[in-house]
């Protein structure tokens, strides 16, 4: 996946000294993070990276903390998730993500081999998303004071002048497009939880949406009102957020929302609603009606949007409700999750 | 609370346990509440226990009745 | 999903709805109570009200064991969970239920109590085996559907010789509650034309358990599955009985329910549990012989006996209309707290507690529907 | 400190639901973070902030994770520390810090009143440093999976064209200037550890070095080679890092290094070296010899540099050793900390 | 800091150094061993070598209890720490010391063992009181300075009736080690002109404890404080004795050391501990009556007895020159691992383990000094 | 390991404990190893225990000797 590098440490574990700011930390960084993430900005070797200022447009800045459990799951790991969590938040503004920072909080005793694997996953995810990890920080906390590893990433992107996507721009009549099936990530994580003990082939959808977004911006231009990735809280939370922010309602068609059979099955088994389950490689777009079909076609032409669908319409509603025509023919509200307790999924 | 779902028995495990499958999702459950469960049976699964066996014949009959009732009016037949 | 998808067919639904509409007699109202929270949830989730004619009015019953659990029993569980050395396990539904003073098992967990969500009773037994230094208490709740799972757990704990496993029994019984509603427990007669009987409860107790509805209260009852077509079909069956002036016990959910039920499950429950003299239901008050407790011979597994739990009765919130709603005399929108002081995020009354509660289902899935005249629609 | 705001939540605790992406999370953000951090970029309400691109120069990007224990300590708290940790890393490049992101990882059960206090501390520290917290993320992990609260911040600053400060720019003959006494932060934290049980009036030096840096850049211009804040690992680690990075040695004068009596006393009691103890409001600058006195005067004129001192000289040394003439008259090496175990201090 | 700052005066130091240089006789070498790691550390920290004339050569002795603890005793402590239910407490210095196979107590902690750093023995007793479900084992180490602190902890544990507190005794004795060096335990005579005697050990055992140095080995000894002026003054006192051909026991650190020492501390130690037949020292080998163990009457507090610890002897690393260094026959730079295979980050031998070890002090504070002829200077 | 430092007793606490001060930094230690400790005494503190009392008179005498020795040569007198 990368150029030859020193053999990863095996058998060793992270100790408090690895976070103490001394030689052990420098060695940890040099042996694990530097080779996995290598780029000229990171190589400056300072406590900060100096970067060229992008020409024109606006900066976009976002952060995400990855606290997923388990750290490795079908379709990804905490490293990939940490990269894509921030990259996608940048992409949702129509931005081209450029630079990432990574802040590691590591529990004493964490296997160095796992850290190495995760660092390489971060490197691979960053390359896939076209971003460079240019600066970072490493802390170690006592055993029992964290859950193996947490990673907070922050990212900088640039959005061209004239492209203004924001959650408050949905207008009645606009179409709501979903880029693919919902619930894959959350269910893939759930499948790894011992106490739920079910098995499925399902993989997390964790992916950087950057190229899909580029195709969408190219296809829809200013007709694109906004995008958002339905992560924690799932599609339900995201649509309610957008409805609240734009002061509108939404009318969804349940039959149009793609849900994989395994996701449906798990939801039936556990009494969950696929619309409230986290995704890490999906987006919701709101687009002016006249551009909806063009945008949909562009999305479907891209592997990350192959199952894209128009799932609803923005409607006027002072109560800002998200309503849904059920596949069965009735109508219901799609509300925020009131309080179901799911394992930590992102 | 009474959430339960029919799933197919795909393997019998020791200790009155069985593996069920629901559209390819598999899960181990207890079959302590049902005697004589066999692979291929569909059972109603509730909080990890098989509560009842699904009777395929009765299911077919119910669906027949449903279809019949749904076809009684013009709209249903449309 | 076999035996599921077939019963969710929207095309058949439209036909069935048309038939119901056609068969419902003009000017007549069919007041049908679905006893079970599973039905209430399905009605809301599939928007079934939109498919039924005005003449058919669905009334949500008390069949959500989480909703009807009295506050004092939550309080007692929270107090127990806070004791050092105790690990309190329960189903996810129960953990959010508010006790007195705005607390809940989840809040107790946040404050440091060892409270764990389990999917199955057997997970709790497994915890007790894995962590012998903890005393694992399973907060058992549920109707007849769920009680056998508790019995199996007790069987396993007994077989494994576990001294560190106990259970708080909050299991309740369907027939006494149904009887109380039909009898008008507070002196008011129930104003019901028919009852949609529980699906999964009935797999255990059998359809014969409802004979009293017809025999004593001349009320027809159809045991129905939880899928939306099951429900519609049951409605049609009830409409037909009512039109004919009949009052029989029928089973729509024949693929899983027999007249006698699951005898093995019944025997296991019988071995471990016996009826309480009376049990308090939120919204309904104390009902005779409506709850179960562990038999005295098994006191070693009975957390109420072992830990001297003495739930101290807490009055239902005064403004809450749950009692009237659970008897079909009021609709959720007619409570003045509905959607204002009382929401699923901050429930006041029993019916707002679980997604299967009448008020919660109405709020979460159906509040877009027109509010009753003279009442502002909550945003 | 700020405009009137809703009364902070009292008695409540953070629950898992506060991190689940639903209404409870939105309410937590609206009631605690939004009022404490209010600014127009944050108010965009998206998962990212869109920002004007600064004109000219270069961007500077940095991140820091704050994992300090205890969370509140004399002279500061984790919120102030998290802001200044990143702000200072930006300032060390000569940058004007502009924007911060905050990523919160909160342990279930954390008191809401403490979270509110920390959020307000972040707001105050950000205002003091002239930065805006424009985007954030909030995660909640189960009780026992974190240590109350971790905060990762990332920051963007801008450095004017022509100002190039980097750890590799120290040259033999350059002077090493320290902005004030060493060890205050680490000892203030240590004083709060139950198991060490000593008492002192000492306060953490936690502060944003931005205005001091501005004065330094104005005074020394291009004669300023580099700056670095001696945080974890203390002055010893920082000087060794710089020696390694620039390929030089350093010759220090112990007598010139300011150490407060309480810091000396605690170090004697516990067998620690003040040069290895963390600081959070100090900087080391390396400057061309001809500008050293000018720079020193400018630093001393600023409250954050009142005790500034020239503490050494950069020397040629292929072994890149940091040597020190002791106050007693002998000479010794100042090495990286080999492995002393200190409580978590930043 | 009173009684500290006065003894760190650089001005006086220069004067004292000049006097020493003036009094050192031309052509003569004064080979003085500072027994104690505290002195070794002070010499390095203050760069005292730069102040002394070439004629005075300071030789680092074995007086760092961490350095000389044999690997097998670390191994045993690690194995015990890994047992469930055990909380192993020790001073910070000890936690990094490598056992066999690159492990250490810190690494065991990282891998999940409950290992805690304490500042004082009494902290370990407090943990045992606070956490009655844990068995708290204090890994005791140290010379006569530190043994009384262990005795006080045992007194407290006894008074509190603690059944969950025990101690692994690694306390060692200064006089037997000094005797071994002066006697040339391996058959080679020690080539020392004088000894700088321990500061704080001597506050407990008193200056009289060193009479044998003069009496049996005709070697002068000056008990010196740990501050740099104390050391310089002691050097001057030794130079003067040597010049005069004397061999007396003198005390420079009179402000804290008496001839008889701290009788109360001695009595407490006597109550709890008795000498072992022999004790192994890293670098020096087994020395008779050089270590202490708990008296059999207190076996309940003796972790070695209670947990059946049987340390399995591990040979010192073959290339390590510690033995020769601790006897003053080699300098750290003369070991071929010094700074290459062996550094404070990855210590191989005893002398590199603690900051007070001869090799570690040399490496961390003094490696800029010229390397011996024919040997490359490590970077 | 034998790290110890003189500190002043500023208060006596129950249970053979005392508060010592070192340049304003205070710490509670055990004085179980010394009889008759009084406020104002300086004691040598080692791992939380007072090991020995500092004799001010001897300290002064040592300093006198030091000053004297340091002044013996021209360089020392400079």
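Labels A, B, C, D, E and F are assigned to the chains in the order they are written; within every chain, residues are numbered from 1.
Going forward, a contact is a pair of C-beta atoms (placed from the backbone, for glycine too) under 8 Å apart; a residue touches a chain by one contact, two chains touch by 3 or more.
None of the values given here were measured: they were computed from a predicted structure.
Listed by label, the chains touching chain B and chain E alike are A. Centre-to-centre, using mean CA coordinates, chain C is 73 Å away from chain E.
Averaging C-alpha coordinates per chain places the centre of chain B 62 Å away from that of chain D.
In whole angstrom, the spacing between the mean C-alpha positions of chain A and chain E is 56. Averaged C-alpha coordinates give centres for chain B and chain F that are 83 Å from one another. Shown for chain B are the residues that touch two or more other chains, namely 3, 5, 22-23. Within chain D, contacts with two or more other chains are made by residues 16-17, 23-24, 197, 261, 264-265, 268, 338-341. Shared contact sites, meaning residues of chain C that touch two or more other chains, fall at 1, 4, 13-14, 106, 119, 123, 345.
You'll find the chains touch as A-B, A-C, A-D, A-E, B-C, C-D, D-E, D-F, E-F. By the touch criterion given at the top, residues 1-6, 8, 22-23, 30, 32-35, 42, 44, 46-49, 51-56, 58-59, 61-63, 65-67, 69-77 of chain F touch chain E in their complex.
Across the interface of their complex, chain D is touched by residues 16-17, 19-26, 44-54, 56-65, 67, 69, 89-90, 92-93, 95, 99, 101-105, 134-139, 141-142, 144-147, 150, 152, 154, 156-159, 164, 166-168, 228-229, 231-234, 237, 241, 245, 278, 336-342, 344, 346 of chain A.
Here chain A touches chain C in the complex through residues 195-197, 255, 261, 264-265, 268, 270, 318-321, 323, 325-333, 335, 338-341, going by the rule given at the top.
Only residues 3, 5, 7, 22-28, 45 of chain F touch chain D when the two sit together in their complex. Chain contact summary for the complex, chain A toward chain E: residues 13-17, 23-24, 108-109, 143.
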